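What follows is a pair of complexes built around chain A, which joins chain B in one and chain C in the other.
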Partner chain A sequence: MLGRSPALAVPALAFLTVFFVVPLALLVAIGIFPVRGSTIVFDHADLRPYFRYLTDPFYLWVTARTFGMAAAVTLTCLLCGFPFAYLFTRARRFWQALLLSLVVSPILTGTVVRSYGWLVILGRRGLVNDALLRWGIIHAPLHLLFTMQGVIIALAQVMLPFMILPIVGVLARQSPYLHDAAFGLGASRAQVVRHVVLPLSLPGIFAGSALVFVLSFASFTTPALVGGGNFVILPTLIYQQTQQSLDWGILSAISMVLLGTSLLVVWVYSALARGLGLRWADRQ
Partner chain B sequence: MRRYWLRVGDAATGVVLLVIGIATGVALLLPTLVVIIASFTNTAYLSFPPEGISLRWYRALLLSPEILRAGRVSLSVAGVATMGSLAMGLATAFPLVRGSFRGRDALLAFTLAPLMLPSVVLGIALLFFFGFLGIRLSFVTLVLSHILITFPYVTRTCTAALFHADPALEEAGVGLGASRWQTLCHVTLPLLLPGLTVGAGFAFIESFDNLALSIFVAGQRQETLPMRLFQLLITDIDPVVAAVATVLVAGSFLLLFLVTRLAGFRQLVSAFGGPQKPAR
Partner chain C sequence: MKRLFAMCVVLLLGCAVAPHSRAGAAPSAELVLSSYGGQLDEPFRWFLADPFERQTGAKVSLVPSLSLEVLAKIKASPADPPFDVIVLDEGPHLQAAADGLVQRLDDKRVPNLAQVYPAYRKVTGGFGVPQAYSVVGIAYNTKKIKDRPTSWRDLFRPEYKGQVGTVNLNSSLGVAFLVMLARMNGGGEGNIEPGFQAYKTLMASVSAVAPRPGALAALFERDEVAIAPLWNNTILTLREKGLPVDWVVPKEGAVVVMSVMNMVTNTKQPDLAVRFINDAISSEYQLKAAVTPYFFGPTNSRVNLPAAMRRFLPTRPEEVAQLVSLDWNTINRNRQAWTERFNRELGR
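The block that comes next holds the complex of A and B.
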């Protein structure tokens, strides 16, 4: 058998150490030790950036807003993604292929392009306002762009595949006869969804929700474009701060909050999944 | 009476699921469709639906040196980064699947770790790192950063492909007198080709589409296409972006077509988020 030697992994290991571990360690360090120019002064620890972060109402408000946005996006994805995944598993083969390409193709389209699409849809002269005005439902254009609602809608669409694919992945592996058996035993459709489909899709729902939350909490492109310059969340805050002044201490503190949240969510997810005995590996 | 309500609830559940499901399907497609249609507008501002049809924004695209240069930068960065990721990912996948040494699981987790990190955090870390070492931001720093985010995907698809490749076929090759190198080129790599193709295609698109990392680590003269589009969009909703976007969509579908021809649709789906078979 070819390629059993661990030596083959050395280039990757070296690459990751130099360009991943070291930069990350430096990023942690500049939050704790003062930076002068582009060198770190290791003489004394200085935790002022963190204190500043924790006492500044603006930073706290941006953090809360980022949490709220990510939670709303996750919920929207779940509410839209679950019915779609359910229809997918009930569809015929031809339709399944079609629906699957519908889910996969947005990933290929690119985030900038799709965010741009939402600019066209939600803009003052966009699709939604145009239709609502024409049908006389509203008399003045709605402000959809550059608002929280607009960002949530656009970001939820960008994240949808990451919710749908795990749920479909779990449901597709279940026997289709479970569904028929439940019907045969006299369950209504609502009961089948509630007592059969929903519990079976829980592993996918957990995985998808964790993924969508982590990705949207750290997302930059869509909030920056659809939200505009005044819609500040943690990732766009980092970018803005690098454009204005390079205050490395506070940049490090913000990054640690982003990073810590991602790791926390992943940890909670795996603890939950383990607690429920829902690990992917067990269900293969 | 209860039966009646059950039936109403039943129908309502079905209708609600169907309506939300269809609406979701439409929402998945809508932004891309809107951009494509809007790109053919003949007005100087963006309107939807377009008032008249013209190709003026495609002409504007071809006459814009900044956009064309950004496109070239993006293509070369994505090309080089994909090559680098492919070489490193393939080499790493072998010991991950076939080796039996201590710390193999840790190695697997380590190779996937860059995916766990928000791009913006990675970007800011690399920005300081390059400054700390006194390295000027350039094409090289951009490519190295892109390898960092595409390499985990390639490793993942390569591990999955290698997991399904039967070592007995290689032993047969060796038994028939092939050298190790011949076995690798004529037996192992052809077996891995579908997985490699999907990994490469995905890495290319991931790199080509990246904005959040590029804006931190690209040099002044290495503006990538997403960076250019971003600049055009934060100042004004310029219709030329719709033309560029349409070209990009066409390009990625061409790539998708090529990859599915080479690798098959199932392979492609398994590469995205779906549950993976863990390496032994």
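The block that comes next holds the complex of A and C.
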């Protein structure tokens, strides 16, 4: 009887309700109702924080900047991740094990440790500048640390597994006969990738892109460490508001925009992926 | 599905009506102290907390935090504060006193207070005890900067382009530097405009804006910056490790900032807290924290430091009086606006 009982969901539901739903509801309430001291006054709604957010060019600039950063990270991951995933599915079993451990190993190290690693690598006297200087490609150290480019590089490394794994999942399920058939019909390798492999792996690409975008849009540790003390994106702005100005209303508004944008992106991606997936299913 | 939804609603309601009383467990004897972080926590840990634990049997936890973070955390839960004893820089201290986050001490229960220089007690506004002071001067890499800096204006020299470090306005260090820039250009606490104008000019030379003073010191270690405004003790601990750095008092003056130790309002351990605060201003402890490599300015008049240390640490009230003190009440009123402006105009 217990097999299908909804009672099975109670522990998880209780946990989520207490530690996620309630705090989230409070966070929403803080943005809609005025806060006095440490209590929320539910008398009348006050949407001024949202109004302030949406009419202030600075906040809009930061939002656009954060969006652009996440998009750049997603694109970088896609450009590096897709060839890797393709190579992975073509490789022999032994190499696959090796490549897989390469992909997964970054997830196993802490974000802080990884970001500190990037501080050393991207620094004025770091690996990158050292190598470029020695090979005579540049004559003065590049400014990589504490820049948007540096943050994108570091984030892309952190996020790469989340792009590669979904694509590998889709590629691995593709029948190799499809490729053979395409070759048999006279397609070149590039044409096979263009017309067979790529379209069939779109669901994986969408899933990976959505994951990477959402994770980098909301990431704090890596941008805060690699970006430095005046690197402004939505998560670092939220952090600063919680630590300094204690302006709870605008803080809630920023958080909601962050969350809302992420949800919107996930929804768009999944709608796209669903639409495409159905069409291919019909064709087969 | 409907039943799941119903359960969710029931749980939500349960949370909403749940009594907000705290479990009545016996309070464990733990004293939570805010601290500076890094090597600067060593004197607190070794010479203050450890002996205190041995004498009282209580546990002392050090939580490294910037002053403003301490305030934010207490404000978020004032009835059950996450700290018992806090050390705050002058500005945040005055803010905490005004907001009722810290309580007045009974002088009779802090006997060591009688040994503290009266001049230092003026900055506390009647709350807490002046525990130590630190000084903002210019730190520089002696291998890369051959001419010893003598003025805050040296940071603007074209040959240091790309080698200057600063810190954002989260810390007293960042604010003090901004005010010094304003003062040098005809402004001050009440007129910060010239400070921001100078800062914007300086940004062309700035290689990194660190999020906190400790991070700025670390940038010296990794050669990202060669010259920066910095606390005497933050950089001199690195010098003791053998790094080629030095620290100077510029001719316009270095900024002295008092650290005030306070008992938090609603602490569950008032007796332990008072005793700890009394220990923290004893001459025995302050001497240990004032010598190499820590350089915390002693507030206890019975601490006698060797003359050789005077260059890094002015030790007597006459010497300290020659340093620059800032008007933190005015700064507090404007600080949020300055931070916002810093983000807007100097963020990237």
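As a convention for this text, the second predicted complex is superposed on the first by the 271 of 284 C-alpha atoms of A that agree within 3 Å, B and C clash if a C-alpha of one lies under 4 Å from a C-alpha of the other, contacts with A are read in each partner's own complex, and residues count from 1 in each chain.
Assume contacts are C-beta pairs under 8 Å (C-beta built on N, C-alpha and C of every residue); 3 or more make two chains touch, one makes a residue touch a chain.
Small disclaimer: the values here were computed from a predicted structure and weren't measured.
Novice: For A:Val193, using the defined touch cut-off, is the partner it touches chain B, chain C, both, or neither? Pick first, second, both or neither.
Specialist: It touches chain B, and chain C stays clear.
Novice: Once the shared chain is lined up, is A:Leu13 touching chain B (first), chain C (second), both, or neither of them?
Specialist: both
Novice: I want to verify the contact counts: of chain B and chain C, which reaches more residues of chain A?
Specialist: Ranking chain B and chain C by residues of chain A touched puts B first.
Novice: Which partner does A:Cys80 reach: the first (chain B), the second (chain C), both, or neither?
Specialist: First partner only, chain B.
Novice: Please indicate which partner A:Phe58 is in contact with in the superposed arrangement: first for chain B, second for chain C, both, or neither.
Specialist: In the superposed model, A:Phe58 contacts chain C only, not chain B.
Novice: Quick one: is A:Ser245 in contact with chain B, with chain C, with both, or with neither? Answer first, second, both or neither.
Specialist: Only chain C is touched by A:Ser245; chain B is not.
Novice: After the superposition on A, what does A:Gly110 contact: first (chain B), second (chain C), both or neither?
Specialist: first
Novice: Based on the superposed arrangement, let me know which partner A:Asn230 touches: chain B (first), chain C (second), both, or neither?
Specialist: In the superposition, A:Asn230 contacts chain C only.
Novice: Given the touch rule stated above, what does A:Phe146 touch, chain B (first), chain C (second), both, or neither?
Specialist: In the superposition, A:Phe146 contacts chain C only.
Novice: Just to be sure I read the superposition right, which of the two partners does A:Leu119 touch: chain B = first, chain C = second, or both, or neither?
Specialist: So A:Leu119 meets both chain B and chain C here.
Novice: Chain A residues touched by both chain B and chain C?
Specialist: 6, 9, 13, 22, 38, 119-120, 123, 125, 224, 228-229, 242
Novice: Would you tell me which residues of chain C are touching chain A in their complex?
Specialist: Residue list for chain C touching chain A: 3-4, 7-8, 11-12, 15, 66, 68-69, 72, 75-78, 162, 167-168, 170, 207-212, 215, 222-224, 336, 339-340, 342-344, 346-348.
Novice: Please output the residues of chain A touching chain C within their complex, sorted ascending.
Specialist: Going by the criterion above, the answer is residues 6, 9-10, 13-14, 17-18, 21-22, 25, 37-38, 58, 119-120, 123-125, 143, 145-148, 224, 228-232, 237, 240, 242-247.
Novice: For the complex, give me every residue of chain A touching chain B.
Specialist: Where chain A meets chain B, its residues are 1-9, 11-13, 15-16, 19-20, 22-24, 26-27, 30, 38-40, 79-81, 83-84, 86-87, 97, 99-100, 102-121, 123, 125-127, 130, 154, 157, 160-162, 165-166, 168-170, 188-190, 193, 207, 211, 217-221, 224-225, 228-229, 235, 238-239, 242, 248, 251-252, 255, 258-259, 262-263, 266, 280-281, 283-284.
Novice: Using the touch rule from the top, collect the residues of chain B that touch chain A in their complex.
Specialist: Of all residues in chain B, those touching chain A are 6-7, 9-10, 12-14, 16-18, 20-25, 27-35, 38, 45-49, 88-89, 91-92, 94-96, 98-101, 104, 107, 110-111, 113-114, 116-122, 124-129, 131-132, 134, 144-145, 147-148, 151, 155, 167, 170-171, 180, 183-184, 188, 205, 208-209, 211-212, 215-216, 226, 229-230, 233-234, 237, 241-242, 245, 248-249, 252-253, 255-256, 265, 268-269, 272-278.
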